[in-house]
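By written order: A, B, C and D. Residues from 1 in each chain.
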Amino acid sequence: MAERVGIVAVAQTKYHPNRADVNEGELVYEAIKQVLDETGLVYADKGKGIDATITCSQDMWDGRTISNLGVMSYVGAHLADEDKVCEDSINALYCAMARILSGHHDIVLVAAHCKESQANKSIVENAAFDPIFLRLLGLDFLAAAAMQATRYMHRYGITAEQCAKVAVKNRGNAKNNPFAQESLNITIEDVLSSVTLASPIRLLDSKPISDGACAMILARESKAKKLASKPVWILGASNCYETHYPGYRELADCDALVKAARKAYSMAGITSPLRQIDVAEISEEYSYQELLWMEGLGLCQRGEAGKLIDAGVTKMGGQLPVNPCGGMLSGKPTVVAGMANVAEAVLQLRGEAGKRQVPKAKVALAHGVTGICGQHQAVIILGRN
Amino acid sequence: MANRVAIVGIGQTFHKSKRPDVNQAEMANEAVRAALTDAQLGSKDIEAVVSSNMEPFEGVYLPDHWMASEMAACGKSGFKVATGGTSGASAVVEAFHLIASGLASTSLVVGFQKHDTGDTQAGMTACMTPVFGSGATTGAISEFANQALVYMEKSGAKEEHAAMVRLKADRGACRNPYAQLKLGLKGVEEILSSGYLEWPIRILDFCPQTCGACALVLASEEIAGKITRKPVWIADTITVHQEPFRAGSFGDPTGLETYSQDVASTKLYKRNGITNPRKDIDMAEIYEPSTWEEMMHYEHYHFCDENEGWKLIEKGITAIEGEFPVNPSGGVLSTNPIGATPVIRVAEAALQIRGDAGEHQVTRDVKTAVATALGGCNWTTMILLRRSL
Amino acid sequence: MTKKLEELEAFVVEGKVAIPATYSAGTVGSRFLIEMRDNKRIMGMRCSKCGIVYVPPRSTCESCFDKLDEWVEVSDTGTILTYTVACQPSPVLPAEPPVIYGIIRLDGAGTGFVHMLGEVKPEELKVGMRVKAVFKEERTASVLDIKYFRPLK
Amino acid sequence: MEKEPTQEYIQVKIDTPRPYRWSTGKYLGKLYKEARDRKKLVTNRCTKCKELVYPPQMVCGRCKVEAGQDWVEMSDKGTVVQYTYLIFPRWDPHRGEYYSSPYPSATVLLDSGLYLRSRLEEQDTKKLKRGMRVQAVWKEKGRGRGQDDIEYFRTIEELEVGK
C-alpha cells in the first residue's frame, strides 16, 4: 500500500435509551459537528476538503425507504458524493478506506446513526430471517443468539458464571465512560438472578435499547498528518460473511470472524494477537458473544475464552483489556456499535480515553458484527505508528 | 497509484414480472452463475461481494445475509449498499474502489429486486415518513408526472415525443433476450391511446415492475489480463446526491434547479477529457424510469442543449442505428428490477463495448460508453467505461 | 423570533409501515413444503459432489456452489444440537411464551433444522436429546405444518 | 419457447406491520407546534444564504452549515404552479390501505415564497388550472402534524385590482 489511511477525528453522542427530542439528522449532526469543528474541514471537491461521505443506517430501523434521505443535509451530501452502507457501521469505515486507497478520494466523512427506540426490535430483527423457512417461527436475534449461546456453552463448557463476568466487567467499566448509556455496579449473582429473556440469556446478559450516533473523518496519510496532531492509522481491516441458515452452521465456532480477523491481522503484521494488541473493543450484544468473538479473533484457542475472563486478562489492568468503554452491554445502538468501537480505540491510542485509558496503548482492535448469530463480521486494527 | 479495474464477467436473469419458481436468493444466484460463467471463474475465485437492494420493497432486513451463499459471499468480504434507485450503481462504485484500492482483486456486484413480493410504489412512498411529506407525496409516479409537466412547458416537448421514446425502447427490448416488456409496438398512435397512470404519465410512459437480478465480476488488471481478452475498463465513476427539491419532494417544481446530473456529468467529463459528449462517448445506457425522464436526462447529461432533448428522439439520433445510441437494450422502460437496474445499465454498456450485445448491438463502434443511475431524491451515479485505458 | 434550541419542542408521531409481502418459496422450497403438507415427509437435498444433505433443502451447495437436484427423504426423528426457551412476550412469537426453539439434526441430514420443541419441560431439555416431528392436522404447505418436535419416548 | 411444466408454487404471505415512533426533532417540531396552536406555517431562513429552509432544519443543506433560527411565518395563500392527479389506485404504506383515487395534488407557490406540496379541494380535474389562486384550509382539529394539518388548498376568487 502506497499511502496509509488515518483517522483524524472521532466523535460520539452520549448513548441514550430514547432520544425522542431529535430526529435522525439532528442526532447524527451532534457527532458530525464535533469532527467538523475539531478539524476545521468543510465539504468541497477533492483537494479542498471533505470530498465524500459514507453514511450508515438501516431502512428497517429508521422506518424509511432510503434512510439516508433523512440525514442528507446533515452529512453535507447536497450536490456531493455520498453512499450508504447497510451493515454494521464498521463496514462504512472499510468502504471509506477503499475510497481513499483507490486514490479517488482524499478526505472522507463517515457517519452512522440508529434510534432503536423508535422501532420494535423483535419485528425488525424477525424481518432478517429467511421468510420461507425461518420467519414464521417467530425468531428474533435474541432467540437465535440464545441458541448460539446454548451450543457454545455446551460444546466448550463455558459457564453462565463466565458469561455473567463479562456483564459485570463491562457494566463496571462503563462508569469510566462519559458516553456510556448506563453503568451498573452489579455482581455475578445479580446477573444470574435477573429475569431470563431466552435461556441462557438473562436481562443483565443483554444490551439495553439505545439511541446514538458516531462520526469520523478519514484521510490519506499526507493529509492526515496535516489535519491531526495524533492521527491513528488503519493497519488492517477486513470483513466476512457466513451462511444465513443457523442450522447449516456450527454456531459454537464463528468462521466468518476467524477469516475476517486472519486477513486484518495479516495486513497489520499481527502474528500473535493477544500479545501484540493492547486494547480491544468488541461488539457484544449478549455477554456470551464477547467470549465467543474473542475465540474467533484468535485471542485464545477455541473454548478457552472462559479461562481468560476467569483469569482477569480482559479486565482493566489485565493483559488485554476488552471493552474498557463498557461495550454494547452498557448501551450502544446496533448499526452504530462497530464504529463506536473504532472511536473508542482511537481515543485509547491517542491517550485521550480519560479514566478508561489503557496505559501505553499502541495497537488496538475494533470489531463489528451484523446479522443473525454473527453472520457478518468485521475487524479493524488500528495503530499509532 | 490505483489499480485499474475491469469488468470481466456479465450475467443477468431473464427479466419477468413474476418469478414464483425461485425465491429471491435463487433469483440472484442465476445472475451470479451467469456472470461467473462469462468470466470463466469459479465461486472460489471471488474475494468480495458487494450487493444492492432496497429492503422495504420486499420487507427483508439484511437481504444480503439471507442470500449470502447464493451470492457466493460466504467466507468472503463484502457489504450491501442502498441509495434508492442508484443502489446498483453504488455497488459498482464501491466494488470498483475495493479493487482499485487493492483491498480485493476480484469482486462480484449483485443487484436484485423481486417485485412480485411486495409493493414497489408503496415502498417508494415510504421514502417519506409520516413526520413530513407523506401527506402529499404518493411515490415516484407523482414526481415524474410533475417533472414531465414542467418539462413540457419549458421545452415544448409533446406527448408524441414521449411516445417515440417508448417506441425506441420497445424496438430495443424486442431484440434483447433478457428484456421483460416486449410489446412489438407499431407506432406512436398505439402508445398515445394507452391510459394514464397519473396525468400526464401514461401506462406506456412508465417503467414496468420486474423480478430480476444482474451480476458483474470486477477484477484487477492483473487478473483481467489472465482471464479475458475483452476486458471492459471502468475509467471513472462519480456519485452526486442532493437535497429534496424546494417543495420538499423529489421533483423540481420550477425547472430552474441545479440537477445532480448536471453536476455529475460536468465533473466526470472534465476529469476524463470529454469535451463533446456525443462525439467523445459512443453510446449511453441511462436510467429512465419514464419516457419524459429520458428526454430530460439527454439535456442534464449534456448530450444536447437545454430544451432540445426531445429533438434527439425526434431525429432518431439516440436510436440503435443512430449517431448516439441511448438504451439500445430497451432500457428501464422495458425492464426495471430496481436494485438491479443500474447494474444492468453497466452490464449493457459493457456488452456494447465488447461487441457482445447480439441483436441490439449498436451500429456505431463503441469504444467509450457511459452508464447512469437515478435514485433517492434525484441522485445520480455515472460510470464511464472504455475498451482501453 | 429567535429561540434557544432547548426551548424547541419535538413531536413524536406514532405510525407504521405496512406493506404486505408474498414470498415465493421457489421450486425447491415449494417441493419441500408440499411434501410436508401432502405426505408428512421431510425432504432434504444432497450435494452429489460434497455428500452433504441439506435440510431444509437448497438449490446451491454452500460448499462447492454446485447446482443441486438430488432429493432425499430424511427421517422425522433427530437429535437436538441446541435450544432456547424464549420466556418474554414478543410481537413475533407464534404463541404465548415460553416458546422453545431448537436446532435439530434429523437422521439422514447433514445440517441442523431450526424449529420449535414441545411436550417437554424446559428443565428436561438437553443437547443430544432425541426428538420426533409432530405434524399438524391441518396443513397448509408452511414451515409451521410441523407443530413442533417432541421428545422420543 | 417450451411450456414450463405446471408445478404448484408455494407463496408465503407475511403482512406484519412494523410500528414506529418517529420524532420530528426540534426544528420540524417548531413547525408542528405553530401549525397546531396557531394554524400557521413557519420555517427558518438560512442566515447564510437567506433562502427559506423547508421543512425547517437545523442545517441548511445547500450551505452545509447551521441554518440558524430566523423563523419566518408563511402566507397561507398562493398560486398553483403545477398539479397532477392520481388515476391508478396505490397502496399507502403508512395507513396500510389504498389511497382514494383519483385525488388531485398540486405544487403551490405561497405568496411568501415557498413551494408546498398539498392536496386540492377541487376534485374536478377539468377545473384545475395552473396559475389558479388557492388558500390553505386547515383541519378543524389539527393533530399536531405540521403541514399535514392543512386539509387542502381551496380555490379562491380574488379581485385583480388592489391586490
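Throughout what follows, a contact is a pair of C-beta atoms (placed from the backbone, for glycine too) under 8 Å apart; a residue touches a chain by one contact, two chains touch by 3 or more.
Please read all numbers here as calculations on a predicted model, not as lab measurements.
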Which chain has its C-alpha centroid at the greatest distance from the C-alpha centroid of subunit A? D
Averaging C-alpha coordinates per chain, one finds the centres of subunit B and subunit D separated by a number of Å equal to 29
How many Å are there between the centre of subunit C and the centre of subunit D, using C-alpha atoms for each centre? 43
Using the average of all C-alpha atoms in each chain as its centre, how far is it in Å between subunit B and subunit C? 36
Indicate the residues of subunit C shared as contacts by at least two other chains. 10, 12-13, 15, 17, 19-27, 29, 33, 62, 91-92, 142
So which stretches of subunit D touch two or more other chains? 7, 9, 11-12, 14, 16, 18-28, 61-62, 91, 93-94, 145
Give the residues of subunit A that touch two or more other chains, as numbers and ranges in rising order. 20-23, 60, 63, 72-73, 77-78, 120, 123-124, 126-127, 131-132, 136, 243
What's the contact topology between the chains, one of line, ring, star, complete, other? complete
Going by the contact rule at the top, pick out the subunit B residues touching subunit D in the complex. 20-21, 56, 59, 119, 121-123, 125-126, 129-139, 141-142, 145-146, 149-150, 195-200, 243, 245-249, 253-254
Residues of subunit B that touch subunit A when the two form their complex: 1-3, 23, 49, 54-57, 59-62, 64-69, 73-84, 90, 93-94, 96-98, 100-103, 123-124, 126-129, 131, 237-244, 258, 260, 263, 267, 375-377
Where on subunit A is subunit B touching in the complex? 1-2, 23, 45, 52, 58-60, 62-66, 68-70, 72-73, 77-87, 91, 94-95, 97-104, 124-125, 127-132, 237-244, 255-256, 259-260, 263, 370-372, 375-376
Which of the residues in subunit A come into contact with subunit C in the complex? 20-23, 63, 120, 122-123, 126, 131-134, 136-140, 142-143, 146-151, 154, 195-201, 243, 245-248, 251
Within the complex, which stretch of subunit A touches subunit D? 19-23, 25-26, 29, 42-43, 60, 63, 72-74, 76-78, 115, 117-120, 123-124, 126-127, 131-132, 135-136
